[in-house]
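As written, the chains take the letters A, B, C and D, and residue 1 is the first residue of each chain.
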Amino acid sequence: MMENFMRLEFSGLSANESFARVAVAAFVSQLDPDLEELTEIKTVVSEAVTNAIIHGYEGQAGNVVVICRIEGQTVEIMIEDQGQGIADIEQARQPLFTSKPELERSGMGFTIMENFMDDIEIKSELGRGTTVRLVKTIRSAQVLGH
Amino acid sequence: MMENFMRLEFSGLSANESFARVAVAAFVSQLDPDLEELTEIKTVVSEAVTNAIIHGYEGQAGNVVVICRIEGQTVEIMIEDQGQGIADIEQARQPLFTSKPELERSGMGFTIMENFMDDIEIKSELGRGTTVRLVKTIRSAQVLGH
Amino acid sequence: MSLQVETQKIGTTLVVRLNGELDHHTAELVRQQVDQELDGDVFKNMIVSMERLEFMDSSGLGVILGRYKKVSQHGGKMALCAVTDSVRKIFELSGVLKILPLYDSEARALTEMGEA
Amino acid sequence: MSLQVETQKIGTTLVVRLNGELDHHTAELVRQQVDQELDGDVFKNMIVSMERLEFMDSSGLGVILGRYKKVSQHGGKMALCAVTDSVRKIFELSGVLKILPLYDSEARALTEMGEA
(Lines give C-alpha, C1' and ligand atoms only; values in the text may rest on other atoms or scores of the structure.)
Protein backbone atom coordinates (compact mmCIF):
# COMPACT_ATOMS: atom_id res chain seq x y z
CA MET A 1 0.00 0.00 0.00
CA MET A 2 1.25 3.41 -0.95
CA GLU A 3 1.89 5.92 1.78
CA ASN A 4 3.16 9.39 1.17
CA PHE A 5 3.16 12.78 2.80
CA MET A 6 3.80 16.40 1.95
CA ARG A 7 3.41 19.71 3.73
CA LEU A 8 3.46 22.96 1.83
CA GLU A 9 3.60 26.39 3.44
CA PHE A 10 3.54 29.62 1.47
CA SER A 11 2.81 33.35 1.65
CA GLY A 12 -0.90 34.15 1.43
CA LEU A 13 -0.63 35.88 -1.95
CA SER A 14 -3.19 35.37 -4.69
CA ALA A 15 -0.34 34.55 -7.09
CA ASN A 16 0.16 31.36 -5.04
CA GLU A 17 -3.34 30.01 -5.70
CA SER A 18 -2.32 28.43 -8.98
CA PHE A 19 0.99 27.28 -7.50
CA ALA A 20 -0.87 25.43 -4.71
CA ARG A 21 -3.20 23.72 -7.20
CA VAL A 22 -0.34 22.58 -9.39
CA ALA A 23 1.69 21.31 -6.43
CA VAL A 24 -1.17 19.27 -4.99
CA ALA A 25 -2.08 17.92 -8.44
CA ALA A 26 1.55 16.86 -9.02
CA PHE A 27 1.58 15.09 -5.65
CA VAL A 28 -1.74 13.32 -6.20
CA SER A 29 -0.84 12.28 -9.75
CA GLN A 30 1.04 9.25 -8.35
CA LEU A 31 -2.42 7.75 -7.72
CA ASP A 32 -3.19 7.89 -11.45
CA PRO A 33 -6.35 10.00 -11.17
CA ASP A 34 -8.26 10.66 -14.36
CA LEU A 35 -8.54 14.20 -15.70
CA GLU A 36 -11.89 14.77 -14.00
CA GLU A 37 -10.63 13.71 -10.57
CA LEU A 38 -7.52 15.83 -11.01
CA THR A 39 -9.58 18.89 -11.99
CA GLU A 40 -11.85 18.37 -9.00
CA ILE A 41 -8.86 18.26 -6.67
CA LYS A 42 -7.32 21.35 -8.25
CA THR A 43 -10.64 23.16 -7.87
CA VAL A 44 -11.13 22.39 -4.18
CA VAL A 45 -7.53 23.36 -3.35
CA SER A 46 -8.10 26.61 -5.20
CA GLU A 47 -11.32 27.22 -3.22
CA ALA A 48 -9.83 26.60 0.20
CA VAL A 49 -6.55 28.45 -0.45
CA THR A 50 -8.45 31.43 -1.86
CA ASN A 51 -10.67 31.47 1.23
CA ALA A 52 -7.62 31.44 3.51
CA ILE A 53 -6.21 34.44 1.64
CA ILE A 54 -9.43 36.47 1.27
CA HIS A 55 -11.46 35.57 4.35
CA GLY A 56 -8.76 34.26 6.70
CA TYR A 57 -6.14 36.96 6.24
CA GLU A 58 -8.30 39.65 4.60
CA GLY A 59 -5.36 41.06 2.69
CA GLN A 60 -2.99 40.95 5.69
CA ALA A 61 0.25 38.98 5.49
CA GLY A 62 0.07 35.39 6.68
CA ASN A 63 1.08 31.91 5.60
CA VAL A 64 -1.20 29.22 4.23
CA VAL A 65 -0.40 25.57 4.91
CA VAL A 66 -1.48 22.68 2.70
CA ILE A 67 -0.87 19.14 3.98
CA CYS A 68 -1.47 16.07 1.82
CA ARG A 69 -1.39 12.48 2.96
CA ILE A 70 -1.80 9.52 0.66
CA GLU A 71 -2.82 6.14 2.04
CA GLY A 72 -3.64 3.49 -0.50
CA GLN A 73 -5.89 5.16 -3.06
CA THR A 74 -7.14 7.83 -0.67
CA VAL A 75 -5.82 11.36 -0.41
CA GLU A 76 -6.42 13.60 2.57
CA ILE A 77 -5.82 17.33 2.04
CA MET A 78 -5.76 19.86 4.87
CA ILE A 79 -5.73 23.60 4.19
CA GLU A 80 -4.91 25.78 7.19
CA ASP A 81 -4.68 29.47 7.96
CA GLN A 82 -4.14 31.37 11.19
CA GLY A 83 -6.50 34.16 10.27
CA GLN A 84 -9.91 35.50 11.36
CA GLY A 85 -11.72 32.21 11.75
CA ILE A 86 -15.39 31.53 10.98
CA ALA A 87 -18.08 32.62 13.44
CA ASP A 88 -20.86 30.34 12.17
CA ILE A 89 -19.70 27.29 10.23
CA GLU A 90 -23.28 26.07 9.54
CA GLN A 91 -24.09 29.36 7.86
CA ALA A 92 -20.76 29.49 5.99
CA ARG A 93 -21.52 26.10 4.39
CA GLN A 94 -24.86 27.24 2.95
CA PRO A 95 -24.79 27.44 -0.85
CA LEU A 96 -24.53 31.07 -2.02
CA PHE A 97 -23.74 32.38 1.48
CA THR A 98 -20.86 34.83 1.47
CA SER A 99 -19.70 37.40 3.98
CA LYS A 100 -18.01 39.39 1.21
CA PRO A 101 -20.59 40.09 -1.53
CA GLU A 102 -18.81 43.41 -2.19
CA LEU A 103 -15.84 41.38 -3.49
CA GLU A 104 -18.18 39.54 -5.87
CA ARG A 105 -17.72 36.26 -4.00
CA SER A 106 -20.24 33.68 -5.14
CA GLY A 107 -20.63 31.86 -1.84
CA MET A 108 -20.16 28.54 -3.63
CA GLY A 109 -16.71 27.58 -2.31
CA PHE A 110 -17.79 25.15 0.40
CA THR A 111 -20.58 23.72 -1.78
CA ILE A 112 -18.02 22.92 -4.48
CA MET A 113 -15.69 21.33 -1.93
CA GLU A 114 -18.56 19.17 -0.62
CA ASN A 115 -19.55 18.09 -4.11
CA PHE A 116 -16.09 17.39 -5.50
CA MET A 117 -14.73 15.47 -2.52
CA ASP A 118 -15.91 12.42 -0.59
CA ASP A 119 -15.64 14.10 2.79
CA ILE A 120 -15.17 17.57 4.25
CA GLU A 121 -14.52 18.74 7.82
CA ILE A 122 -14.20 22.37 8.85
CA LYS A 123 -12.58 23.43 12.11
CA SER A 124 -12.39 27.09 12.99
CA GLU A 125 -11.82 29.35 15.96
CA LEU A 126 -12.43 33.09 15.87
CA GLY A 127 -9.18 35.00 15.82
CA ARG A 128 -7.13 31.80 15.61
CA GLY A 129 -7.77 30.42 12.16
CA THR A 130 -9.42 27.76 10.07
CA THR A 131 -8.58 24.24 8.94
CA VAL A 132 -10.45 22.53 6.13
CA ARG A 133 -9.93 18.78 5.79
CA LEU A 134 -10.88 17.19 2.48
CA VAL A 135 -10.77 13.50 1.63
CA LYS A 136 -11.14 11.73 -1.69
CA THR A 137 -10.55 8.20 -2.87
CA ILE A 138 -9.19 8.01 -6.40
CA ARG A 139 -11.14 5.36 -8.23
CA SER A 140 -9.88 5.49 -11.78
CA ALA A 141 -6.65 3.55 -11.15
CA GLN A 142 -8.50 0.85 -9.24
CA VAL A 143 -10.81 0.22 -12.14
CA LEU A 144 -7.79 -0.42 -14.33
CA GLY A 145 -6.52 -2.82 -11.70
CA HIS A 146 -3.24 -1.01 -11.00
CA MET B 1 9.53 44.36 -6.05
CA MET B 2 8.11 40.87 -5.86
CA GLU B 3 8.64 38.92 -2.66
CA ASN B 4 7.35 35.45 -2.12
CA PHE B 5 8.10 32.40 -0.02
CA MET B 6 7.29 28.73 0.11
CA ARG B 7 8.44 25.77 2.18
CA LEU B 8 7.80 22.24 1.05
CA GLU B 9 8.39 19.16 3.19
CA PHE B 10 7.83 15.62 1.95
CA SER B 11 8.69 11.96 2.50
CA GLY B 12 12.07 11.01 1.06
CA LEU B 13 10.63 8.70 -1.58
CA SER B 14 11.94 8.62 -5.13
CA ALA B 15 8.38 9.10 -6.40
CA ASN B 16 8.56 12.62 -4.92
CA GLU B 17 11.52 13.70 -7.06
CA SER B 18 9.28 14.70 -9.97
CA PHE B 19 6.74 16.22 -7.57
CA ALA B 20 9.44 18.46 -6.06
CA ARG B 21 10.61 19.62 -9.51
CA VAL B 22 7.09 20.46 -10.64
CA ALA B 23 6.27 22.31 -7.42
CA VAL B 24 9.40 24.47 -7.55
CA ALA B 25 8.89 25.14 -11.28
CA ALA B 26 5.28 26.22 -10.63
CA PHE B 27 6.46 28.56 -7.87
CA VAL B 28 9.27 30.07 -9.94
CA SER B 29 7.07 30.49 -13.02
CA GLN B 30 5.75 33.78 -11.59
CA LEU B 31 9.13 35.25 -12.57
CA ASP B 32 8.45 34.42 -16.24
CA PRO B 33 11.56 32.28 -16.77
CA ASP B 34 12.16 30.98 -20.27
CA LEU B 35 12.05 27.26 -20.96
CA GLU B 36 15.81 26.88 -20.57
CA GLU B 37 15.89 28.59 -17.18
CA LEU B 38 12.92 26.53 -16.02
CA THR B 39 14.56 23.27 -17.13
CA GLU B 40 17.77 24.24 -15.34
CA ILE B 41 15.87 24.88 -12.13
CA LYS B 42 13.95 21.60 -12.44
CA THR B 43 17.22 19.79 -13.00
CA VAL B 44 19.04 21.18 -9.97
CA VAL B 45 16.05 20.51 -7.70
CA SER B 46 16.01 16.96 -9.01
CA GLU B 47 19.74 16.60 -8.30
CA ALA B 48 19.61 17.89 -4.74
CA VAL B 49 16.41 16.07 -3.78
CA THR B 50 17.74 12.81 -5.23
CA ASN B 51 20.96 13.26 -3.24
CA ALA B 52 18.98 13.80 -0.03
CA ILE B 53 17.08 10.56 -0.66
CA ILE B 54 20.00 8.39 -1.85
CA HIS B 55 23.00 9.76 0.04
CA GLY B 56 21.34 11.56 2.94
CA TYR B 57 18.84 8.91 4.01
CA GLU B 58 20.32 5.90 2.19
CA GLY B 59 16.93 4.28 1.80
CA GLN B 60 15.86 5.02 5.39
CA ALA B 61 12.70 7.03 6.06
CA GLY B 62 13.18 10.77 6.44
CA ASN B 63 11.73 14.03 5.21
CA VAL B 64 13.23 16.34 2.62
CA VAL B 65 12.62 20.09 2.90
CA VAL B 66 12.69 22.49 -0.04
CA ILE B 67 12.48 26.22 0.70
CA CYS B 68 12.12 28.83 -2.05
CA ARG B 69 12.35 32.56 -1.63
CA ILE B 70 11.75 35.06 -4.40
CA GLU B 71 13.10 38.58 -4.15
CA GLY B 72 12.81 40.70 -7.24
CA GLN B 73 14.00 38.52 -10.11
CA THR B 74 16.15 36.28 -7.90
CA VAL B 75 15.14 32.90 -6.55
CA GLU B 76 16.90 31.21 -3.65
CA ILE B 77 16.29 27.48 -3.25
CA MET B 78 17.37 25.50 -0.17
CA ILE B 79 17.22 21.71 -0.12
CA GLU B 80 17.67 20.13 3.30
CA ASP B 81 17.87 16.66 4.75
CA GLN B 82 18.64 15.38 8.24
CA GLY B 83 20.58 12.39 7.03
CA GLN B 84 24.20 11.15 6.98
CA GLY B 85 25.91 14.38 6.06
CA ILE B 86 28.99 14.78 3.86
CA ALA B 87 32.45 14.07 5.29
CA ASP B 88 34.47 15.98 2.70
CA ILE B 89 32.56 18.67 0.81
CA GLU B 90 35.57 19.60 -1.37
CA GLN B 91 35.81 16.04 -2.62
CA ALA B 92 32.02 15.70 -3.05
CA ARG B 93 32.01 18.70 -5.39
CA GLN B 94 34.60 17.21 -7.75
CA PRO B 95 33.12 16.33 -11.14
CA LEU B 96 32.59 12.58 -11.45
CA PHE B 97 33.19 11.93 -7.74
CA THR B 98 30.61 9.64 -6.24
CA SER B 99 30.56 7.59 -3.05
CA LYS B 100 28.04 5.19 -4.59
CA PRO B 101 29.42 3.93 -7.92
CA GLU B 102 27.64 0.60 -7.25
CA LEU B 103 24.33 2.46 -7.69
CA GLU B 104 25.55 3.78 -11.07
CA ARG B 105 25.70 7.34 -9.79
CA SER B 106 27.52 9.59 -12.23
CA GLY B 107 29.05 11.96 -9.69
CA MET B 108 27.83 14.92 -11.74
CA GLY B 109 25.09 16.22 -9.43
CA PHE B 110 27.03 19.06 -7.80
CA THR B 111 28.73 19.96 -11.09
CA ILE B 112 25.33 20.37 -12.74
CA MET B 113 24.07 22.47 -9.81
CA GLU B 114 27.15 24.72 -10.10
CA ASN B 115 26.72 25.13 -13.83
CA PHE B 116 22.97 25.68 -13.94
CA MET B 117 22.75 28.15 -11.05
CA ASP B 118 24.48 31.46 -10.29
CA ASP B 119 25.55 30.43 -6.81
CA ILE B 120 25.78 27.29 -4.68
CA GLU B 121 26.55 26.82 -0.98
CA ILE B 122 26.76 23.45 0.74
CA LYS B 123 26.53 23.05 4.49
CA SER B 124 26.81 19.63 6.02
CA GLU B 125 27.49 17.96 9.33
CA LEU B 126 28.14 14.24 9.71
CA GLY B 127 25.19 12.46 11.23
CA ARG B 128 23.09 15.64 11.22
CA GLY B 129 22.33 16.37 7.61
CA THR B 130 22.98 18.53 4.59
CA THR B 131 21.67 21.83 3.25
CA VAL B 132 22.30 22.93 -0.32
CA ARG B 133 21.54 26.58 -1.10
CA LEU B 134 21.13 27.51 -4.74
CA VAL B 135 20.58 30.99 -6.16
CA LYS B 136 19.61 32.11 -9.64
CA THR B 137 18.50 35.40 -11.13
CA ILE B 138 15.91 34.99 -13.86
CA ARG B 139 16.97 37.19 -16.74
CA SER B 140 14.48 36.46 -19.49
CA ALA B 141 11.66 38.61 -18.06
CA GLN B 142 14.04 41.52 -17.50
CA VAL B 143 15.13 41.52 -21.11
CA LEU B 144 11.51 41.87 -22.13
CA GLY B 145 11.20 44.75 -19.69
CA HIS B 146 8.43 43.21 -17.58
CA MET C 1 -0.21 35.98 -16.41
CA SER C 2 -2.12 32.74 -16.66
CA LEU C 3 -5.29 34.24 -18.19
CA GLN C 4 -5.79 36.09 -21.44
CA VAL C 5 -8.97 38.10 -21.88
CA GLU C 6 -9.98 38.96 -25.43
CA THR C 7 -12.94 41.24 -26.13
CA GLN C 8 -14.70 41.86 -29.45
CA LYS C 9 -17.63 44.06 -30.33
CA ILE C 10 -20.13 42.36 -32.61
CA GLY C 11 -23.16 44.62 -33.27
CA THR C 12 -24.50 45.52 -29.83
CA THR C 13 -22.98 42.43 -28.22
CA LEU C 14 -19.68 42.30 -26.36
CA VAL C 15 -17.97 38.94 -26.85
CA VAL C 16 -15.50 38.06 -24.07
CA ARG C 17 -13.14 35.16 -24.77
CA LEU C 18 -11.31 33.62 -21.82
CA ASN C 19 -8.10 31.72 -22.42
CA GLY C 20 -6.25 30.02 -19.55
CA GLU C 21 -7.08 29.81 -15.85
CA LEU C 22 -9.74 31.89 -14.13
CA ASP C 23 -9.36 32.07 -10.34
CA HIS C 24 -9.36 34.78 -7.66
CA HIS C 25 -5.95 36.00 -8.85
CA THR C 26 -6.94 36.41 -12.50
CA ALA C 27 -10.60 37.40 -11.91
CA GLU C 28 -9.42 40.99 -11.37
CA LEU C 29 -8.21 41.07 -14.97
CA VAL C 30 -11.62 40.06 -16.28
CA ARG C 31 -13.37 42.57 -14.05
CA GLN C 32 -11.18 45.47 -15.17
CA GLN C 33 -11.08 44.69 -18.85
CA VAL C 34 -14.78 43.89 -19.25
CA ASP C 35 -15.97 46.81 -17.13
CA GLN C 36 -13.83 49.19 -19.14
CA GLU C 37 -15.61 48.00 -22.29
CA LEU C 38 -19.05 48.03 -20.66
CA ASP C 39 -18.57 51.52 -19.20
CA GLY C 40 -17.02 53.01 -22.31
CA ASP C 41 -19.53 51.86 -24.89
CA VAL C 42 -23.22 51.11 -25.09
CA PHE C 43 -23.42 47.34 -25.28
CA LYS C 44 -26.71 45.66 -24.83
CA ASN C 45 -25.70 42.03 -24.59
CA MET C 46 -22.70 39.98 -23.60
CA ILE C 47 -21.39 36.54 -24.52
CA VAL C 48 -18.70 34.83 -22.46
CA SER C 49 -16.87 32.28 -24.56
CA MET C 50 -14.99 29.62 -22.60
CA GLU C 51 -13.70 27.30 -25.25
CA ARG C 52 -10.11 27.78 -24.14
CA LEU C 53 -10.75 28.20 -20.43
CA GLU C 54 -8.72 25.40 -18.85
CA PHE C 55 -9.64 26.06 -15.25
CA MET C 56 -12.32 27.95 -13.35
CA ASP C 57 -13.29 27.97 -9.67
CA SER C 58 -16.01 29.81 -7.73
CA SER C 59 -14.07 33.10 -7.96
CA GLY C 60 -14.62 32.85 -11.72
CA LEU C 61 -18.29 32.25 -11.11
CA GLY C 62 -18.37 35.40 -8.94
CA VAL C 63 -16.84 37.64 -11.57
CA ILE C 64 -19.18 36.30 -14.26
CA LEU C 65 -22.25 36.83 -12.06
CA GLY C 66 -20.99 40.34 -11.31
CA ARG C 67 -20.88 41.15 -15.05
CA TYR C 68 -24.31 39.57 -15.47
CA LYS C 69 -25.73 42.00 -12.89
CA LYS C 70 -24.27 44.95 -14.75
CA VAL C 71 -25.55 43.82 -18.14
CA SER C 72 -29.06 43.01 -16.88
CA GLN C 73 -29.30 46.32 -14.99
CA HIS C 74 -29.08 47.95 -18.40
CA GLY C 75 -31.72 45.65 -19.83
CA GLY C 76 -29.23 43.47 -21.69
CA LYS C 77 -29.00 39.71 -22.02
CA MET C 78 -26.03 37.50 -21.27
CA ALA C 79 -25.06 34.02 -22.47
CA LEU C 80 -22.27 31.53 -21.89
CA CYS C 81 -20.80 29.27 -24.52
CA ALA C 82 -18.38 26.44 -25.17
CA VAL C 83 -17.66 25.35 -21.58
CA THR C 84 -15.66 22.26 -20.63
CA ASP C 85 -17.25 19.55 -18.46
CA SER C 86 -15.69 20.61 -15.17
CA VAL C 87 -16.61 24.27 -15.70
CA ARG C 88 -20.16 23.23 -16.57
CA LYS C 89 -20.37 21.33 -13.29
CA ILE C 90 -19.56 24.50 -11.34
CA PHE C 91 -22.24 26.44 -13.20
CA GLU C 92 -24.74 23.65 -12.57
CA LEU C 93 -24.03 23.44 -8.85
CA SER C 94 -24.61 27.16 -8.45
CA GLY C 95 -27.91 27.18 -10.28
CA VAL C 96 -26.54 29.79 -12.70
CA LEU C 97 -27.79 27.80 -15.69
CA LYS C 98 -31.35 28.61 -14.62
CA ILE C 99 -30.74 32.27 -15.38
CA LEU C 100 -27.95 32.17 -17.96
CA PRO C 101 -28.34 30.24 -21.21
CA LEU C 102 -25.44 28.02 -22.22
CA TYR C 103 -24.73 27.39 -25.92
CA ASP C 104 -22.40 24.93 -27.60
CA SER C 105 -20.62 27.51 -29.69
CA GLU C 106 -20.03 31.21 -29.98
CA ALA C 107 -21.75 31.25 -33.38
CA ARG C 108 -24.87 29.72 -31.88
CA ALA C 109 -24.86 32.21 -29.01
CA LEU C 110 -24.54 35.10 -31.49
CA THR C 111 -27.51 33.83 -33.48
CA GLU C 112 -29.60 33.54 -30.35
CA MET C 113 -28.62 37.09 -29.38
CA GLY C 114 -29.85 38.22 -32.79
CA GLU C 115 -26.40 39.27 -33.98
CA ALA C 116 -25.95 36.89 -36.89
CA MET D 1 4.78 6.02 -14.59
CA SER D 2 6.36 9.08 -16.11
CA LEU D 3 8.79 7.23 -18.39
CA GLN D 4 8.11 4.81 -21.22
CA VAL D 5 10.96 2.64 -22.44
CA GLU D 6 10.61 1.11 -25.88
CA THR D 7 13.15 -1.37 -27.22
CA GLN D 8 13.57 -2.63 -30.77
CA LYS D 9 16.03 -5.05 -32.28
CA ILE D 10 17.45 -3.89 -35.60
CA GLY D 11 20.08 -6.34 -36.91
CA THR D 12 22.64 -6.67 -34.12
CA THR D 13 21.72 -3.29 -32.65
CA LEU D 14 19.35 -2.69 -29.74
CA VAL D 15 17.47 0.58 -30.16
CA VAL D 16 16.20 2.03 -26.87
CA ARG D 17 13.66 4.85 -27.16
CA LEU D 18 13.00 6.96 -24.07
CA ASN D 19 9.73 8.84 -23.76
CA GLY D 20 9.03 11.08 -20.75
CA GLU D 21 11.18 11.92 -17.74
CA LEU D 22 14.36 10.11 -16.79
CA ASP D 23 15.42 10.62 -13.17
CA HIS D 24 16.53 8.44 -10.25
CA HIS D 25 12.98 7.15 -9.83
CA THR D 26 12.53 6.06 -13.44
CA ALA D 27 16.18 5.06 -14.09
CA GLU D 28 15.42 1.68 -12.53
CA LEU D 29 12.94 0.99 -15.33
CA VAL D 30 15.58 1.62 -17.99
CA ARG D 31 18.13 -0.51 -16.16
CA GLN D 32 15.78 -3.48 -15.82
CA GLN D 33 14.29 -3.36 -19.28
CA VAL D 34 17.53 -2.80 -21.16
CA ASP D 35 19.54 -5.32 -19.15
CA GLN D 36 16.88 -7.94 -19.75
CA GLU D 37 17.32 -7.41 -23.49
CA LEU D 38 21.10 -7.27 -23.29
CA ASP D 39 21.33 -10.42 -21.17
CA GLY D 40 18.78 -12.41 -23.14
CA ASP D 41 20.07 -11.81 -26.63
CA VAL D 42 23.40 -11.25 -28.34
CA PHE D 43 23.41 -7.61 -29.27
CA LYS D 44 26.57 -5.99 -30.39
CA ASN D 45 25.60 -2.35 -30.44
CA MET D 46 23.12 -0.02 -28.78
CA ILE D 47 21.44 3.23 -29.76
CA VAL D 48 19.66 5.39 -27.19
CA SER D 49 17.09 7.58 -28.89
CA MET D 50 15.99 10.62 -26.88
CA GLU D 51 13.72 12.48 -29.23
CA ARG D 52 10.82 12.33 -26.78
CA LEU D 53 12.82 12.57 -23.57
CA GLU D 54 11.43 15.68 -21.88
CA PHE D 55 13.64 15.65 -18.82
CA MET D 56 16.91 14.04 -17.74
CA ASP D 57 19.18 14.64 -14.77
CA SER D 58 22.48 13.07 -13.69
CA SER D 59 20.71 9.88 -12.59
CA GLY D 60 19.82 9.42 -16.25
CA LEU D 61 23.43 9.99 -17.18
CA GLY D 62 24.42 7.28 -14.67
CA VAL D 63 22.09 4.65 -16.08
CA ILE D 64 23.22 5.40 -19.64
CA LEU D 65 26.90 5.17 -18.69
CA GLY D 66 26.13 1.90 -16.91
CA ARG D 67 24.66 0.43 -20.12
CA TYR D 68 27.65 1.78 -22.07
CA LYS D 69 30.00 -0.19 -19.81
CA LYS D 70 28.04 -3.38 -20.41
CA VAL D 71 27.92 -2.92 -24.17
CA SER D 72 31.62 -2.04 -24.51
CA GLN D 73 32.67 -4.96 -22.29
CA HIS D 74 31.22 -7.17 -25.00
CA GLY D 75 33.07 -5.28 -27.72
CA GLY D 76 29.99 -3.37 -28.86
CA LYS D 77 29.52 0.30 -29.75
CA MET D 78 26.98 2.70 -28.36
CA ALA D 79 25.53 5.93 -29.72
CA LEU D 80 23.06 8.59 -28.60
CA CYS D 81 20.65 10.40 -30.84
CA ALA D 82 18.07 13.17 -31.05
CA VAL D 83 18.70 14.90 -27.71
CA THR D 84 17.09 18.18 -26.65
CA ASP D 85 19.28 21.18 -25.77
CA SER D 86 19.10 20.78 -22.00
CA VAL D 87 19.88 17.06 -22.16
CA ARG D 88 22.81 17.79 -24.48
CA LYS D 89 24.18 20.25 -21.91
CA ILE D 90 24.26 17.51 -19.26
CA PHE D 91 26.11 15.16 -21.60
CA GLU D 92 28.56 17.93 -22.48
CA LEU D 93 29.30 18.84 -18.86
CA SER D 94 30.09 15.23 -18.03
CA GLY D 95 32.49 14.75 -20.95
CA VAL D 96 30.40 11.80 -22.16
CA LEU D 97 30.37 13.18 -25.69
CA LYS D 98 34.11 12.43 -25.91
CA ILE D 99 33.38 8.72 -25.72
CA LEU D 100 29.83 8.46 -27.03
CA PRO D 101 28.90 9.75 -30.49
CA LEU D 102 25.77 11.86 -30.74
CA TYR D 103 23.71 11.85 -33.95
CA ASP D 104 20.84 14.05 -35.05
CA SER D 105 18.49 11.20 -35.81
CA GLU D 106 17.97 7.53 -35.18
CA ALA D 107 18.29 6.83 -38.91
CA ARG D 108 21.69 8.48 -39.00
CA ALA D 109 22.83 6.55 -35.91
CA LEU D 110 21.72 3.28 -37.52
CA THR D 111 23.68 4.07 -40.69
CA GLU D 112 26.80 4.82 -38.66
CA MET D 113 26.36 1.54 -36.77
CA GLY D 114 26.27 -0.21 -40.13
CA GLU D 115 22.65 -1.32 -39.75
CA ALA D 116 21.10 0.55 -42.67
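Observations on the model:
In this text, a contact is a pair of C-beta atoms (placed from the backbone, for glycine too) under 8 Å apart; a residue touches a chain by one contact, two chains touch by 3 or more.
Model, not experiment: these values are computed from the prediction.
Between chain B and chain C, the least number of touch steps comes to 2.
Counted as hops between touching chains, the shortest connection from chain A to chain D is 2. Among the remaining chains, C is positioned farthest from chain B, on the basis of C-alpha centroids.
Each chain gets a centre from the mean of its Cα atoms; for chain C and chain D, those two points are 50 Å apart. Here the spacing of chain A and chain C, counted between their Cα centres, is 26 Å.
Annotation: 27 Å between the Cα-based centres of chain A and chain B. Of all residues in chain A, those that touch two or more other chains are 15, 18. Chains touching one another form the pairs A-B, A-C, B-D. Within the complex formed with chain C, the residues of chain A that make contact are 14-15, 17-18, 21, 36, 39-40, 42-43, 46-47, 50, 53-54, 95-96, 103-109, 111-112, 115. In the complex of the two chains, the chain B residues touching chain A come out as 3-11, 13, 15-16, 18-19, 22-23, 26-27, 29-30, 63.
Those residues of chain D whose C-beta lies close enough to touch chain B in the complex are 2, 21, 23-25, 27, 31, 55, 57-59, 61-63, 65-66, 85-86, 89-90, 93-94.
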